[in-house]
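Order as written gives the chain letters A, B, C and D; numbering starts at 1 within each chain.
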Amino acid sequence: VPFLAGRGLAAENKAGNQAPKVPEWMRSQGEPILSPAYGVPSKFERDVVRTPTDLTTTKTSSWSFTPLQDLEGSITPNGLVFERHHGGVPAIDPEQHELMLHGLVDKPLIFDMAQLKRFPQVSIKRFLECSGNTLTEWKEPTGKTVQDTHGLLSCCEWTGVPLATLLREARVKDKAEWILAEGADASALTRSIPMDKALDDALVVYAQNGEALRPEQGYPLRLLLPGFEGNMQVKWLRRLEVGDAPFMTREETSKYTDLMPNGQARQFTFLMDAKSVITAPSGGQSLPDKGFYEIRGLAWSGRGRIKRVDVSVDGGRNWQQAELDGPVQPKCLTRFRLPWRWKGDSALLQSRAIDETGYVQPTHEQLVDVRGTNYVYHLNAIQTWEVSSQGEISNVHV
Amino acid sequence: EQADYGLGRPASDAEIAGWNIDVRPSGAGLPEGSGTAGDGEAIYKTQCAACHGPKGENGAFPRLVGGQGTLASDKPIKTVGSYWPYATTLYDYIHRAMPLTSPQSLSPDETYAVTAYVLYLNGLVDRDEALDAGTLAKVEMPNRNGFVSPDPRPDVSNEACMQDCVQNSELKAK
Amino acid sequence: VPFLAGRGLAAENKAGNQAPKVPEWMRSQGEPILSPAYGVPSKFERDVVRTPTDLTTTKTSSWSFTPLQDLEGSITPNGLVFERHHGGVPAIDPEQHELMLHGLVDKPLIFDMAQLKRFPQVSIKRFLECSGNTLTEWKEPTGKTVQDTHGLLSCCEWTGVPLATLLREARVKDKAEWILAEGADASALTRSIPMDKALDDALVVYAQNGEALRPEQGYPLRLLLPGFEGNMQVKWLRRLEVGDAPFMTREETSKYTDLMPNGQARQFTFLMDAKSVITAPSGGQSLPDKGFYEIRGLAWSGRGRIKRVDVSVDGGRNWQQAELDGPVQPKCLTRFRLPWRWKGDSALLQSRAIDETGYVQPTHEQLVDVRGTNYVYHLNAIQTWEVSSQGEISNVHV
Amino acid sequence: EQADYGLGRPASDAEIAGWNIDVRPSGAGLPEGSGTAGDGEAIYKTQCAACHGPKGENGAFPRLVGGQGTLASDKPIKTVGSYWPYATTLYDYIHRAMPLTSPQSLSPDETYAVTAYVLYLNGLVDRDEALDAGTLAKVEMPNRNGFVSPDPRPDVSNEACMQDCVQNSELKAK
């Protein structure tokens, strides 16, 4: 059942299984172990699923949203991690998949999966956000729920081998500056990766929340560039070519460039700026009655740790510092909380993140003043949820 | 960290050649072969028009043609002609991803031809101009200098006002 | 594909999809988004499942093991969290489920799920281990894989309300000392919880790795007692009765009491002592060739943080300190790693954990000397994997 | 932390009574009713014997009878008679969980009777001895004092020897 009675609760007769009666599920044996061997959610949670965008003509070059309103803590369950594909999800046989590393290296190499897994390994909890997350909200409030407005966002414990380790194995030449990463899907998606990131915390990962990557997240192998826009973290990774300049692929020229009002477009805007959103109470939900609620949300920054999150219930006129769930990790979803007593009058809920660089999450208006409304990507503005006096919650701009 | 874990095997030149399909702005990576817009029209009509429209406009899928001069307008139209900075990227992308239903199926000659045709529809090459490993990189794209980097952000600075904060909108209203 | 060629790899013709050829999965569109809306693992990972014990006559009072050899990092994916049930898994409708809190309180209360989720919330990453984990290994090495020998062990980010918060709401009387926790399954399982634990870090949880609890882990509500044996962390929680003495339920008298050689049995042995095991290389796997391997494993303690893990490759004669994945959290699975070069001779791999209390994980022999071999529970001895000169790995006692 | 979040509703006595099924060593929680082993034999034969064996031994499911005196042996047999410390727990458990296929189906009288029968099979009550809220708690279980607490662990102390560590087995061999 949703945290708030957002979805109509059938008022069917509930007395049957409640005190003083012995519930029916206590009066006969339940399901045996392994029902099934790889467990699935309760049938009562069948509403908690990814939902599709309605902006694309084909479902193989499209995206689906994580149900942030139904999630707690800061780990996204693997089955609900958002999708953004350009040529559909390939069914790759891991025993045939290989990674080719060549270009400005002394020793061009090919790795199979077993070899990649033998390298020294790193497990690290990092967010993944599509740079197009929240793109529907540039011009006017459009998404109904936080899944619609912010759902191209997830966070997993990723495991893999540092890209730097593979580069050392291949003996990278000095004049190397950029690396082309190429996926083994039908779009053979390619992005240019700057060498300093490759040698910093870039990973070639094969596991997600403890198990093998899911097909939609790049099984059996993908790139992880903590804090960078999702599109660069190439899924189904098959090739890394070391070069001395950007490769100027379609995804970093025609797409994932940010058009300014003057007609110029910003290129190589890799980092996801500090951002936050309240997930409860949020759009489409309703407060069943006056009284105590804990305002909860998520904050994250591609530039490191979240330092502070403030919450306002009056549309930004007054703010209170929220509590952060520790240990706060860099480039990772961070859960924030603020106790709140709703007295029944209308309210405007906002959250504002500050990261370790001191950067303060801007208002929608401040961003539009500088970037216009055709920027498409990197919309990290403060989100406002209006609570009506009836407790109905909607997406608004102030 | 030890330099050598002895994991992975040498990649042969033949293996690399099979997968090394990217084309760079310099033209590096372009294969042998050539094609003109004239050659490309038939390929476009049979393998591309159904999705992108007969003239690269009004198809169900992304518009490829037109939109020049609209980038600074309220309704910018970003196409190959109005937005792409390099013609070499067009070859690279068409060969690796198009037609959508059968990527990497076009031969070099076919890819040069249909690349030429899309450029032609945008008025950027003549119908009989042969594009090949030497000439494609020389095609001047209208929006060649339309991109700025490095990343200029942060480009907005908000303050963490806590009490009686005045909204921008109010500021403006004054 | 397993990290090590443990399972026979069909030597089918793999050249078809490898360089220089264009793999078949790049030559046509892949699956669309939402295939399905709640994602599932790749078909190539269908071997990664929970496996059953063969020690029980009925599958509704039984247990299944987590495939630790196939997992990375320290999060257990929800579908692979181990099971231990006494009356099967009930299918509870969350909209009818209630929690009753009564006994030595001034205000006996009933909470529904929506109300429980509104209380101030805590999300915390903790291990869950059945106190019967590794019980097959008391007398002689029996389990083949680390899933067999140590698989009643998982670790999730749990979210719920502190039990102390609910107790304060009900105004607990001074002479309260113990709380009976009762589940809404067919065994109506009950355990007595000491009040100091209830007021310390005990939680009433409803979410696991971000989403609702899974049916096998207590959907919609369970108790979480970090560091305590799994049986006490009552699933499908329906009732908490505050009392002044232990309730002496069947699960804390007939079961979950530890028989000593002298015929006396230890009762209320709540805590899971510091323990560790190497998960790779481990039983049933084989090393494909000489060369570099990273020895990897898990360490955990019910008494707080893991301070150090040492690894031996000669059966305990010499040890090296392994590296721990940070941030090390208390009462949480902690991944450890040690680089190792196998030269092809036989080896005896062991790990030894030390927790923040200074307690050192004992040898099997030390435990048996004190507790005999009919103790059943709490076997936290050092595990030894023998690597033969052919690279085959098996479970042995030294 | 605020004391009162105003969440949750009062539990009525009737609601509590319906779920408050635990029985404590003092006998607290035992309902009205009574039964003798004699009464319980029929119930046991029809609802329990199929799984636990006609005499509470040699069934497919846990053995309920016998094993007294074996706890300190190499093959201890833990049953109601040899191991359980309280007869009240037997009533509690049978009522809440047995028969396996229909828990909480036995009435108080039936539960007293079949509890008596299991105790009787273990030689702990006479066949016609009536067990009820007053008498059940007085039944003396052989292993009443067989449990020790609080938890005496840590009961083993290993050292973190790092180099040339001598194995216990070698120590013993000396």
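One rule holds in what follows: a residue touches a chain if its C-beta (ideal position, glycine included) is under 8 Å from a C-beta of that chain, and two chains touch if they have at least 3 such contacts.
Everything numeric here is computed off the predicted structure, so don't read it as measured data.
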More contacts between chains, B-C or C-D | C-D
Chain centre separation in whole Å, for subunit C relative to subunit A (CA means) | 28
Euclidean distance of C-alpha centroids - subunit B vs subunit C, Å = 50
The positions of subunit D in contact with two or more other chains are 5, 7, 11, 15-16, 19, 100, 103-104
Counting only residues that touch at least 2 other chains, which ones in subunit A make the list?
-> 18-19, 26-29, 58, 60, 87, 100, 110, 118-120, 186, 188, 238, 292, 339
Category of the chain touch graph - line, ring, star, complete, other = other
Each pair of chains that touches is included here, namely A-B, A-C, A-D, B-C, C-D
If you look only at subunit A, which of its residues touch subunit C in the complex?
-> 1, 3-5, 9-10, 14, 16-19, 23, 25-35, 37-45, 48-52, 58-60, 62-64, 70-81, 83, 85, 87-98, 100, 110, 113-114, 117-123, 157-159, 184-186, 188, 206-207, 209-212, 214-216, 219-220, 238, 288, 292-294, 296, 325, 327, 329, 335, 337, 339
Would you mind writing out the residues of subunit D in touch with subunit A in their complex?
-> 2, 5-7, 11, 14-19, 100-105
Of all residues in subunit D, those that touch subunit C in their complex | 1, 3-5, 7-11, 15-16, 19-22, 24-25, 60-61, 71-72, 74, 76, 78, 80, 83-86, 88-89, 92-93, 96-97, 100, 103-104, 146-165, 167-169
Subunit C contacts subunit B in the complex at 18-22, 26-29, 291-292, 339
The subunit A residues in contact with subunit B across the complex are 57-58, 60-61, 86-87, 100-102, 107-111, 115-116, 118-120, 165-166, 168-169, 180, 182, 186-188, 190, 238-239, 241, 243, 245, 247-250, 253-254, 257, 259, 261-271, 273, 308, 310, 315-320, 352, 354, 359-363, 365-367, 369-371, 374, 378, 398
